[in-house]
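Two complexes follow with subunit A in common, the first pairing it with subunit B and the second with subunit C.
Up next, the complex of A and B:
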């Protein structure tokens, strides 16, 4: 049972504010992704949890005990670094067993635990090798075993697969998720890849410019973004500027229901929520480009007012470049002053 | 370049080869031959009589043994002291921030920018008033000053090259600051530090200017003894035998360096 709570945690580097005071509560056994572009403060937040940075203010509570001023070696956290950070002068076994050795554990016990940890990441036969003799994926597995063997209360991962190729990244991500579920270890995972976050997280914390934009399950983040930043950062999104008048707004050849006060607003529509209905030439939007992604087609259609709709359809929907279609939208969100103010969602 | 290094005849390459043979291989070979020659008259290409007579003569002299002992003691003391003083300083330069840091680093370079002989003379004058001239301590101090640059710059670069994440990873699994240094930073920087230590040892062993100006006449190292012997008696063999003896430490150092720096560094996976 390990929970992690952040209360009013902030961080200043000199005059620069890297993290605005923020609060976050992570439940026992949960895997939470910190997602954001570089400079959003996600790595700083992770390093504060791990003890590598002292917060300028606030509390870091692990199982209710404040560790904000505790150095990393005394915290019940373990971190997987982006560069794997294996000690190249030690063997794989030496790397994994080092923490146990420091704790004064007996040799036979260390050997047994190290063996079990290496088996868990599928490297049971690699104990006597040096890190230089391993592939990138294997090194990161060793780094994970090095953390798991210590049975930390909180596992921290700082873009652990960023340097690996897509295929390997997908596989390791799945394995990490399986292990994490099996051990029920509370995990904070930093990434700038939305696919990564959407595919493994129980909850995603979207960050931007040192602030938490939104916290939610992958489905919530994807379908109910609360700010234009989240809407634009996660997945593809049509973001149309529009003027609301008398409870409605028109843009890109579509009239949107908008029961809010008159004025400027931003309308967000997912490409897969747009359907193209064949119409006559000169009417609706003209298809400029079709890109085939195998299972889906990504289409750009230009409306009469110059707005361009990004559309995604299944590959067997017949669409022709240069032809005219009437766009229809099933879901949309209206933002005003950087907040979602109205949402139309039939599902 | 293309013209100079054509297949037909590489003038440049052969030129360098000739230069090396003439100025390095030949003199070394000659000295080596002289050390084992009891008789070598003019037209003969090789010594006319071989033998170890001059070796037993040289080795029978008590001043040779005392100079050898002095040299080894001096080099060991200077290397050890230099390590004790410079390695913590190098670590501080590499990992800590303090005012005047870059000025300190530059000052070690500046000391080497001036003619060393003049510097040593002024230090010798200072030592005279401190009663350090002609003492072992005095020579140790002057040699220490010589090794500062090497023993601070090289290890500083080595410590700096150790990845921060590696150190943080060690903290993360429970290592204290000292344990991080002992088990991660030092082993990572070790090949370079070993090279610096070996160079310090060899450098001190062969140094003559400082040893002579500050140590003479009471402190006599091997190189000083050799100079003296060559100056006083024109028996070539004495100098030759001493030269061959003097090669031993540098040869040993190079072999050790190959073992420690070469072999180990690869096993440790510098590619890491």
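Up next, the complex of A and C:
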């Protein structure tokens, strides 16, 4: 039962600011994903929570106690590293039980706890093996068991599945989510994969250039991005420049309602919010490419003004390459000065 | 061409590729070494012909001077080996886990002896720590007049061999340490290990292979060392290297010199076997 609070946490590497002062509160049992591109500061923030980096300023509060200056070995946190970081000279049991041994636990108790942790990650029969005898997925399970066996207040995961193939990544992600829910352990999960974040997180913290861009549930982040960066980073998005005049803006062959002051703006539309209506040749947008993804089609259609629409439809919708369609948009967001200033959302 | 025929042809090409160096080693190394060893065991009889005899080995192992020399050589080897690891491991650890100008300077200083010929190292040591050398002069200047030079004591060769062996030891240890990822050290800290525990339980076992190589190569180099103890000056007892030289060149007893060489070779071959086993075992472990 633990909460994590970050108050004005910042980090400078020399003259470079890796993290601007930021605040975040993570509730007990919550799984929060830190999502952002390389260099956004997400791993630095995770390492500050874990004690591997000292913050330049601010507080890291776990259950109200400031641990910002506490070394990792004395923090109630445990981290799963991207590269497994198993000790090759130890068996699986040795790796998982090492932390318990350091805590002076008796051997029978260590054996019981290690066995339970390995069973939880599905490696009950692998205790006597060495890491070199395991697959990548099994190694990462051992790394997870090594953390869970210590019953940390906060579990930290630094892109734990980045080195695994897609199929294994999806499976392990689900397993981790189930274990996390079962144990109710507060978890901070770093990833640069938007699908991973959307599928696993209770809340997502989108980061860019050392700043938090937006915090919200996966649904909020996806449907109500607050900045163009979030809109463009999460999922596919049509981002079109337009000039607003008298409460409206035209781009890509569509006139958008824009009840804001006249001037430049950015209009964002999700591909699945665009419908293609058959039209006469030369009107609307010409379909120049269709890619079949099985259940859905991804279409590119070029409007007369040169704007290219990315459209996603169900595979049963009849669309022909080279034919003309009139795009219709059910939902859009208008950004100005890097903030969302108007939304049209039928839901 | 079938796959089998192609594989066979490639096999012959491979053998042809290594034939010249292997033949050269056999002719110029193994053959004279075998002749020398056989010469210590098969001796000419007075009336003509040859007989098997262990007389020269019996002499060596019953001669107190020879045994003392063997003991001194072993002592020098073991002490130098321990000190080499003790001196170089902290430097290698510092260089592995510290980045910056100081680490680069230390690395340059530690590797410097690699580029200095052994004979120069010997003279430098004599001029520095020998009687009336730099060290004694400097100590005199600060009022210390009881300096006893170690260069003709058992510690003379030890100091010289440490200086000589530092670069190789350091390079192998750094190579071993570079295989330990930062994440595995951080993972150990994360589960509660302090610095000493990390050194004992994580780093040392992870570099066992490098420590074995360092020990084996240095053992071979130090035990059979002739130049350093010879150049530093005559001692009593003496190391096997100068002992062999003197027995051969001054005493003019090639049989005893060959016997001493054979015994030295047999002891060194134990370290050689450990080295080869260590090399052979590592890839198998990696393949698991």
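The rule is simple: the second predicted complex is superposed on the first by the 347 of 347 C-alpha atoms of A that agree within 3 Å, B and C clash if a C-alpha of one lies under 4 Å from a C-alpha of the other, contacts with A are read in each partner's own complex, and residues count from 1 in each chain.
Just so it is clear, a contact is a pair of C-beta atoms (placed from the backbone, for glycine too) under 8 Å apart; a residue touches a chain by one contact, two chains touch by 3 or more.
All of these numbers come straight from a predicted model, not from anything done at the bench.
Aligning the shared subunit A places subunit B and subunit C in steric conflict. Legend: residue contacts after superposition of the two complexes on their common chain; A:342 is shown touching neither subunit B nor subunit C.
In the superposed model, A:270 lies in contact with neither subunit B nor subunit C. Residue contacts after overlaying the shared chain place A:132 against subunit B and subunit C alike.
Once the two complexes are laid over each other on the shared chain, residue contacts for A:113 go to neither subunit B nor subunit C.
Applying the stated touch rule to the two superposed structures, the overlap between the subunit B and subunit C interfaces on subunit A comprises residues 50-52, 71-74, 77-79, 81-83, 85-89, 98-99, 102-103, 130, 132-133, 143, 146-147, 150.
Contact residues on subunit C toward subunit A in their complex (touch as defined above): 181, 183-184, 186-194, 197, 201-202, 205-206, 208, 285-288.
Across the interface of their complex, subunit A is touched by residues 163, 165-166, 168-176, 179, 183-184, 187-188, 190, 267-272 of subunit B. Taken in their complex, subunit A has these residues touching subunit C: 50-52, 71-74, 77-79, 81-90, 98-99, 102-103, 130, 132-133, 143, 146-147, 150. Those residues of subunit A that touch subunit B in the complex are listed here as 50-52, 71-74, 77-79, 81-83, 85-89, 98-99, 102-103, 130-133, 143, 146-147, 150.
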